[in-house]
């Protein structure tokens, strides 16, 4: 085991943490050397997750940067928003590379973070400035050079992968973009909230945070950067009675109404030709979220409506994988100069 | 029982039929005198639905208009598209009133039906011309006079109730209307299709019939009639892993960007003041489909996004009730001059 | 409204409470005059349950016996175990009739309660002695005379209705009784527990409290009383990924191996002939829990295995209705000398 | 690829087939060279299962033994009962090794098969006689020598793994064995049956085939062989509203009432010490089916009830993996003398 890269997972007790543990246990070049948590410190990981008891025998420890840095060269932070920015400056100073799964380092302009996340005043603008947004299909080169990667949110991942070809090519009127997104309830994390109980959330469906969800400015920041001008868009999340998966249904009016579905499929396939985790589906096939479950895949289908002049793009991911943990491992592979697919599943189980 | 109105239910073996049976068994002024079906003729209703065996002991019979008319004064047709138009002219000629739950009589212009439903050439333009679209919140007066009511589709009911106040008042730019709709799988009926198996549809989510769903022209027909000019809109249905319920998330740009959420809530409450089945929710509350399950209710919540100038309206119904069977009973009550709420549940069970 | 019976519901914010509110809103002889709660006092009921906001406009108040008794003649207590015994003596002293949905008054011998419920020493043996076990199919006469009814647990209701004909007739060897019970997650109440989250409980199944569930002595107490000798049986509960419903699969060896399925069906139908809420299904038909959802029904199917000499009985109820709230209303009707079916649904919605 | 073992999968379009395809695509020593089907011949595999379209580009072909044998050295048969026995004799004659996932070769005594499966008279007693029952935790040595492996049913796998330590050691009175088993609906296969629709099977639970399920004699055959005398037991399957997973709750009376839970846990751990796919859980922990999903694991928990003298054992597997496809791959590895864990997942995704 001595040649393996020692990595730490801080916030191991949550859903992001348990995905990372599971993925990194099977990663051929990595060894988990530190599991950190606050409320769960002192418990064994198998106490929390007995289903992994046959494969891991580690205790969850405190989140002390010096301790972590003494044992890990790369650190995944899977903590509630606002905590990563307390640990990251010190971890970087110790020489660790950091992959943060929270929102703390996703914004170039911290005032946007402060406005949408109500987390108080941030004083780590210097650190934030170095962070790279960890969407490999867009920023692979920057990620390869980064010491600090801000892993994208789940909704932004699904939304941006659906939008990127349109934005890069300037194909749509950006004032007409509507993203109607649907997520399984695991997106709410492993917190015991009444509205996420099976008895409440099962057999039902609702929208939430209409016109106010915090992933909106994250999507807009990247969409603006890609298109070269400010983009304001409509984003509405919905809670779906299923465990995993996000479906983003994206609407926009085409600038050139002469574009056909085949034209758009050709463009999408071209943009994602070298992206092994994005699969543009054949004409007439739309993705099911289940197809992506347990994998790092993003499936994309699209349609053009000649009656209305709109393109409708549908993208499906596993919110805890491409939307969170496996995308972080993908970033790790790129940062280390490894094969991008090491330790990352691409084949779902079905049904 | 002699004073009760004798009614028949044709197509009693499907999900629409079993809702009607259940509702009409508890209706104080109605007696079910005929259950008709084709494939299921000769079976008892309790063979098909043992859960009602303690309350009904009737056999399903053939669908012969003369037989039906001899025993029923009002006939509910809950048949696959294309069959009602074979039976209805004769039933009307016998003096029956007809409530059709299929699409056969929803279109004033039968060429629209022919184009979207591929059902061949229709020759009953005269009968179709007399049909009234059975959305009581819009056409109560006409329904009261009708002999033939074309009950709305499930998606059109949810979509139109969300849109009506906007269309009536001309508040939005109709070219910007997007309806992102989500339905439980019971909307697919009691047919054994692979994609509706629990093993396939559970834990997953997908869009279907993008830019081509047959409820699109139905919504547009009524939206155009209400707004006084032709409306083309975007409608996308999704299949949700739950049994019952439709949520319609409706987007449109406000003509006057100065309108606030409170303004819109006031308008919605005003429009629906006398509609006992439509509940406009307080500011900040959005509906869950589960709230409407087993009832004739439509719950509506809305938000205005000052950043984008859009209104977002969310409506929730039970697709088999307000979207199908209980709305038909509501129409029956209006046709007969009865209290509109007879025999119709308004209180859901929760959770 | 002056002729209606004024009733109070204490613990209105939980799942038992919201069922009671919904049922009693439609009860023709009752008026809800008091909603009590501790944590939720000061909130309106519609704040907690917006889906009933169109039908009820009441505030939840404190649980002060004098206040309650001043406004209600009958009080439903739907509180966590251990609280009813604090309120009941005083409510009875004020002249109220009490229906307790908790376990506090289900045991004749309070030492059994103390041993299984760890609720400390009980000092209300006198009051407990007056309580009647509220299973109307067994103790209708006593309920009619009672001032204090201890409503049965959900599992005991399903288990006892399956067992009663066997125990009454002495048909089985009671040392061979195994009850394998399965419940939807609403049985865990409206508390936010991690293991009841949709993300955890959905798509999964497990047993819990094996050989130690507190409904075991409750079932045994009644089974012993009915059979005339002490019965010890095996009871194992399971958590099922659904909202409502209990299925009890009951196994026992027949004393007389010559008994056939038809013999047993005849006996069961005879025992339940006058019980309108118990439906013994035809030979070869086994119940689905969904058949009972939203109703006070108990569906029973059975089979005899001539290879092993066992009878297998399967019973299905809605855990929140016949297993809790509607059974309490059934008891109320009996206590008041009303028609037993007032305000109680018997027709489920399906699917 | 030339060194890889060429294998065929016949019946590739069903749920067993798609699991095998997925598993064998990642098996390091195997190459899929033939996909066979009857109804689906001529279609590409990605037409049926678009979620694998990025990893496989093969067409489904006819089921002609000569064709199959020309391209595959090992053949998995994942067909409806009764078809494997038509193909297997010829495939064996061509020199193929065969792993049959149906019931055709599970019975030493074909008259038992004929009696329970109503498949007509079997004439391949010679071939059936050579078949080895593919439960590696029991018959690893025989599987290593076999040319024809009859892979166990899903319920028998879960039931037998729970029972084996008891039977081997003669710890229980076999006349008291009750197996109450619960399965996700994928066990019904990819056939469109009304009762397996999400609209019907979701939110509900029921027993089926009480005292008559065809897995009963299969369990009894192996239980009898292990214990050295004839065993008749009670087996009851239930359909659970989830996709994958089986939970078997097994009851039996201990011969020696002095045995404690710790004794039994020690025995179970000892029996399964070298079985890497069986995990006996710590005292007080009972398995969730979800823990096994997507893996070849069987999780076992147990309890002793000193009140009744019974042991209760609960086992959990993925019905499509350890209960079907991954157990077949496990057998393949043993037949080929490979590491038993090649290509078989052991880490589930959770939640």
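When the chains are written out, they are named A, B, C and D in that same order, and each has its own residue count from 1.
Going forward, a contact is a pair of C-beta atoms (placed from the backbone, for glycine too) under 8 Å apart; a residue touches a chain by one contact, two chains touch by 3 or more.
Because the structure is a prediction, the values reported are computed rather than measured.
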In contact with chain B as well as chain C, sorted by label, we have A, D
So the chain most remote from chain C by C-alpha centre is A
Cα centroid separation, chain C vs chain D, in Å, comes to 39
Note: chain C sits from chain A at a C-alpha centroid distance in Å of 46
Residue numbers in chain A touching two or more further chains are 15, 184, 186, 190, 197, 199-200, 202-203, 241-244, 288, 290-291, 293, 351
Counting only contacts in the complex, chain B reaches chain C at residues 15, 18-19, 22, 25-26, 49-55, 186, 190, 202-203, 243-244, 279, 281-282, 285, 288, 290-294, 297, 299, 320, 346-351
Within the complex, chain C is touched by chain A residues 15, 184-186, 188, 190, 192-194, 196-203, 241-243
Counting only contacts in the complex, chain B reaches chain A at residues 175-176, 178, 180, 182, 184, 197, 199-200, 202-208, 210-211, 232-234, 236, 238, 240-245, 247, 249, 251, 286-291, 293, 301, 303-305, 307-308, 310, 312, 314, 316, 351
